[in-house]
Amino acid sequence: MNRVDVILSERELERLVNVIDSCGTPGYSVARHVTGRGAHGLVASEALEVTGLGTNVHVIIFCEEPVTEALRTALRPLLAYYGGVAFVSTCEPV
Amino acid sequence: MVDTALALQNILTPPVLFFFLGMLAVLLGSDLEIPAPLPKLFSLYLLLAIGFTGGVQLERSGLSLTVLLSVGAAVFMASVIPLYSFLILRTRLDVYNSAAIAAAYGSTSAVTYITAESFLRVLELPYDGFMVAALALMESPAIIVGLLLVRLLGRSSRKPGQEKVGPGAVLHEAFLNSSVFLLIGSLLVGFLVAQQGPTGVQKLEIFTDKLFYGVLTFFLLDMGLVAARRLNELRRAGPFLIGFAVLMPLVNAFLAIGLAAVLGMSQGTALLFAVLCAGSSYIAVPAAMRMTVPEANPSLYISTGLGLTFPFNIIVGIPLYLQVIKTVIPAG
Amino acid sequence: MVDTALALQNILTPPVLFFFLGMLAVLLGSDLEIPAPLPKLFSLYLLLAIGFTGGVQLERSGLSLTVLLSVGAAVFMASVIPLYSFLILRTRLDVYNSAAIAAAYGSTSAVTYITAESFLRVLELPYDGFMVAALALMESPAIIVGLLLVRLLGRSSRKPGQEKVGPGAVLHEAFLNSSVFLLIGSLLVGFLVAQQGPTGVQKLEIFTDKLFYGVLTFFLLDMGLVAARRLNELRRAGPFLIGFAVLMPLVNAFLAIGLAAVLGMSQGTALLFAVLCAGSSYIAVPAAMRMTVPEANPSLYISTGLGLTFPFNIIVGIPLYLQVIKTVIPAG
Amino acid sequence: MNRVDVILSERELERLVNVIDSCGTPGYSVARHVTGRGAHGLVASEALEVTGLGTNVHVIIFCEEPVTEALRTALRPLLAYYGGVAFVSTCEPV
Amino acid sequence: MVDTALALQNILTPPVLFFFLGMLAVLLGSDLEIPAPLPKLFSLYLLLAIGFTGGVQLERSGLSLTVLLSVGAAVFMASVIPLYSFLILRTRLDVYNSAAIAAAYGSTSAVTYITAESFLRVLELPYDGFMVAALALMESPAIIVGLLLVRLLGRSSRKPGQEKVGPGAVLHEAFLNSSVFLLIGSLLVGFLVAQQGPTGVQKLEIFTDKLFYGVLTFFLLDMGLVAARRLNELRRAGPFLIGFAVLMPLVNAFLAIGLAAVLGMSQGTALLFAVLCAGSSYIAVPAAMRMTVPEANPSLYISTGLGLTFPFNIIVGIPLYLQVIKTVIPAG
Amino acid sequence: MNRVDVILSERELERLVNVIDSCGTPGYSVARHVTGRGAHGLVASEALEVTGLGTNVHVIIFCEEPVTEALRTALRPLLAYYGGVAFVSTCEPV
């Protein structure tokens, strides 16, 4: 079983959730108010939430390999346009 | 030359002093912080309160020619400022960053407007409360002009596989952005409630009016923290942008004062109009640009506006513009 | 037939208009949001303020027979409404969901009550402030009846390995739930402080009274956002539940008005009583049901209450019930 | 060494912490205000925090295999009754 | 012996009753919670408001000898209390924990001070508003003395590979800690604004003054929750620390009352001074100790102060100290 | 590719970010408001944010093995002095 971690701007969360849903994932979890630094040199900060730019979200999806494959295909253009990162690792249910 | 009494009268008010205190905290390395989402609370409150009060004033003044002219002038400036700003910025920056920064300067800063209004109240200078309608209507045209610039001049560099954002999404962002929506919505509510007579207005005024100065003060403490942190980042942006961030508000304000004189605005209203044109948006434009021009670097358009133009207008601009206005426009 | 003047007088108040604005934001797709935990701040404030004020009023009126009768009637309705609601719901839903929704409708909605109270103040219709005690005491019986229904009728389907929640945990949830606790606690504090004389009450009133209308307005903006999002979900729940969510408050309110007439309540007090019975709980019951009846689907009992019954009561119910009351109960 | 990720409703956090403690874990971390979608079809949202239902919590436990085994046994009934998910992956201390 | 009327007059005020309500919620196992960062909002507000008001008072009284003597006495106590506290604590605890707890008791509790001030206003006993300057200046010396103790007596046990925290970092933490910074900064702002005349002060007073009692009440509800949770933890700390947490504030308060009598303070001012010395810091000292003495266990120095000394001072201390003062210092 | 999870007190975040930057990481993400229990027996709680002690932060770094190695060396003294935990696991980009 896989665990997919996606981190990108809060403003793209709705788009991301649509992508996740369309890939047939069994579920997902979202943590908001995540800040950080990435390839775009941007250091998001909670202090800028007031600008409407918001912070990042960290989305975790536990899913089987075929869904992971679908996510891979669907996530790449989103990340290419808006920035953000996504990584896959393996895990097993308790 | 500069009227120091006026400048001091502006600086030695609680909002501006707490703004300084916030900047000082960052410069000295204190861990003072107004944790999220408290600044958002203050910001939502200020937009709601100013919108509501503006709606009440609009209802009282009626939809006269003066109102239409003033609001029309604001929309005109919001569309024109991005054009000449873009030409200047394009000498050093690419199309995307130029358009995004230009849009920010075409639009306006709600808190600068509010601080100017508070300053007028301290001085007991009359002004037209309906100018808040101009504030609400300046975000959208600037966003649209900024995006048109990108569409017309920047399209070629987009890669084919990339997502496309249609004109619907752009208009959506321009008019339904949370800040614009809350401002216009509260304005309409204020208008409707005022039509029903004074009772409803009075019941809410304890909240929208009496608390206002305190919340503004608290919010400016936070804005001082934010501005000082951005100032640091701006240093990396180089002298061209630093110069732009200080000179552009001056140019915009002086053009605005000229227009205000032609349109026959009163001294107080002219100050509000000047401040609207001099300000740079940090609430609606960044969100719109992030979605539609992701090629632009957000730290550039946020840092110039928040790190330099905002403190400049709050501390130097407001008293300076008023001084100029007093030489150009005769007292009411 | 419907008194449009009265309906408009309710709709054109700031709280109701901002409630509309919140719904509109969601319908138009604006990204307006009151970030957590700010709604919680408003909600805690409103419970504390209403509890404190109710306690003060209770101390002033004394523990008379009228008080006991009114509060007793509320507890009676909170116990009876879940029973007949359950019978209706059971025709289409399973035991768990029927019991959970029935409990929510037996209990009440604090914000609907507060909005009705504000409306009475606008109309300058007198009412008994101690009715807040009834509000505080309606959550617990509804929760207990709801859980009894599950115990008696739903036990068989529980799997043997599953955790069991004892009656102690149920009573705990029914009486120590944060909202119920804060409401009752603030009521007691108000009572004790009022006994000491007017000084303590006056010192706190600036906070609990003057700010009240503004915070209610802000909170209703948020509730508009929440209700509109739930409305969407409710569409999926089907016509049966949609019908239930609109007809049930009407039935409950009319029964309440009858009882109010029998008990000789004044017009204002009768409106508060009707609104208490018509409302559906979204603060104490969901938390209790989640723990003790996890088989029930929270989106059903939250969406019916928040998405439909709540806006219905705020917009249509309050003026409608008052109109009916005016034909049934003679003016004070 | 293992990493156990548990995501469930905030209202069950106290129960979960008791379970974690009773398994002899060296420590744990809790992130609140997590939203998501799961098998129960529920999409929790921060906007509903006001209902007292709260949102989800994401609990991370770094522990050795024997503790993981104990956690497995102890977590399953909790997840079966209240819902939520838990996954195990491997890791090493820095 | 104890003046029950005075004690009741303190207990039956909204802030103290809501403090009890918070403690009760934890003891009964209610899930009542004021979610973060709302307590931070209240805390920032109280520091800003008290600092601003103190600055205004300081400007009004001028920098007289009385002011200097009172503030000097406070700094003296903040330096001396950690020394004898350390000696007592060292009989049972290691150097690190002894120094950290000693520093907390040398410093003071802003909320205890504020509650005492509110109590004086209820009693209409006059006091010197500039005492807030003493409050602001008591955090830093206590932190510095605490760290000197660690440096002089605890150094040997540090492992060679460990990071070192220089004296610069210590002074930084002592003076630029967010709470100290906001308090002193607001004091200066209040001073400057008051110098400009009454207009600026009046405009902010609606916020800093009228809301104050309500926010204090709300904050004490939260502090009741926090204190009761800490009380639990304290039980594990053993009878020695429990005794220390109750007896130390008494000793410090009585010494302070003696000094106040010698310096000729009025009854009200003497109460504030006693409360300053009796309080234990939970806002600036913990943060400083965490960074510079990570060997100390935070739950010890936070639990003694918040779990026992704080409620003790709020409930028993304030009326008790005032009673003693009334026998020692003649009424104004 | 590796994923490094660091959990420590919010008050040390600035130090940690400096360490992360000096190791040449491509980016990092920070979630604040994390509570927990650890070797120091401390149970941080959001309710204590008002004391200025703050809560913990959870920092995630996705990076290649050489950077991980640099992080290992740089993180250990920090964790030894201030407390906190850090673990490494493997993952791959989507």
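Chains here go by letter, A, B, C, D, E and F, matching the order in which they are written, and residues are numbered from 1 within each.
The definition used in the following text is that a residue touches a chain if its C-beta (ideal position, glycine included) is under 8 Å from a C-beta of that chain, and two chains touch if they have at least 3 such contacts.
Computed from a predicted structure; not experimentally measured.
> Among the chains here, which has the CA centroid at the largest distance from chain F's centroid?
If we average the C-alpha coordinates per chain, C ends up farthest from chain F.
> Considering only mean CA positions as chain centres, point out the chain farthest from chain E.
A
> Where the CA atoms of chain E average out and where those of chain F average out, how many Å apart are those spots?
33
> Round to the nearest whole Å and give the separation of the Cα centres of chain B and chain E.
Centre separation, chain B to chain E: 41 Å.
> Please report how many Å separate the Cα centroid of chain A from that of chain E, as a whole number.
Between these chains, centre-to-centre, one finds 45 Å.
> Starting from the mean Cα coordinates of chain D and chain F, work out the distance between those two points in Å.
20
> Mark out which residues of chain B touch at least two other chains, giving numbers and ranges.
As it turns out, chain B has residues touching two or more other chains at 31, 33, 35-37, 40-41, 177-178, 210-211, 287.
> Hey, what residues on chain D touch two or more of the other chains?
31, 33, 46, 49, 52, 89 - these are the residues of chain D that touch more than one other chain.
> Inside the complex, what are the residues of chain B that reach chain C?
By the definition above, chain B touches chain C via 36-37, 40-41, 44-45, 48, 52, 172, 176-178, 181-182, 185-186, 189, 192-193, 195-196, 199-200, 203-204, 206-208, 210-211, 287.
> Where on chain A is chain D touching in the complex?
Where chain A meets chain D, its residues are 1, 3, 26-33, 60, 62, 89-94.
> Note which residues of chain D are touching chain A in the complex, please.
On the chain D side, the touching residues are 4-5, 7, 31, 33-39, 46, 56, 58, 71-72, 75-76, 79, 85-89.
> Show which residues of chain D lie in contact with chain C when the two form their complex.
9, 11, 33, 40-43, 45-54, 77-78, 80-83
> What does chain B use to touch chain E in their complex?
Against chain E, chain B makes touches at 9, 12-14, 17-18, 21, 24-25, 28-38, 41, 122, 210-211, 213-215, 217-218, 221.
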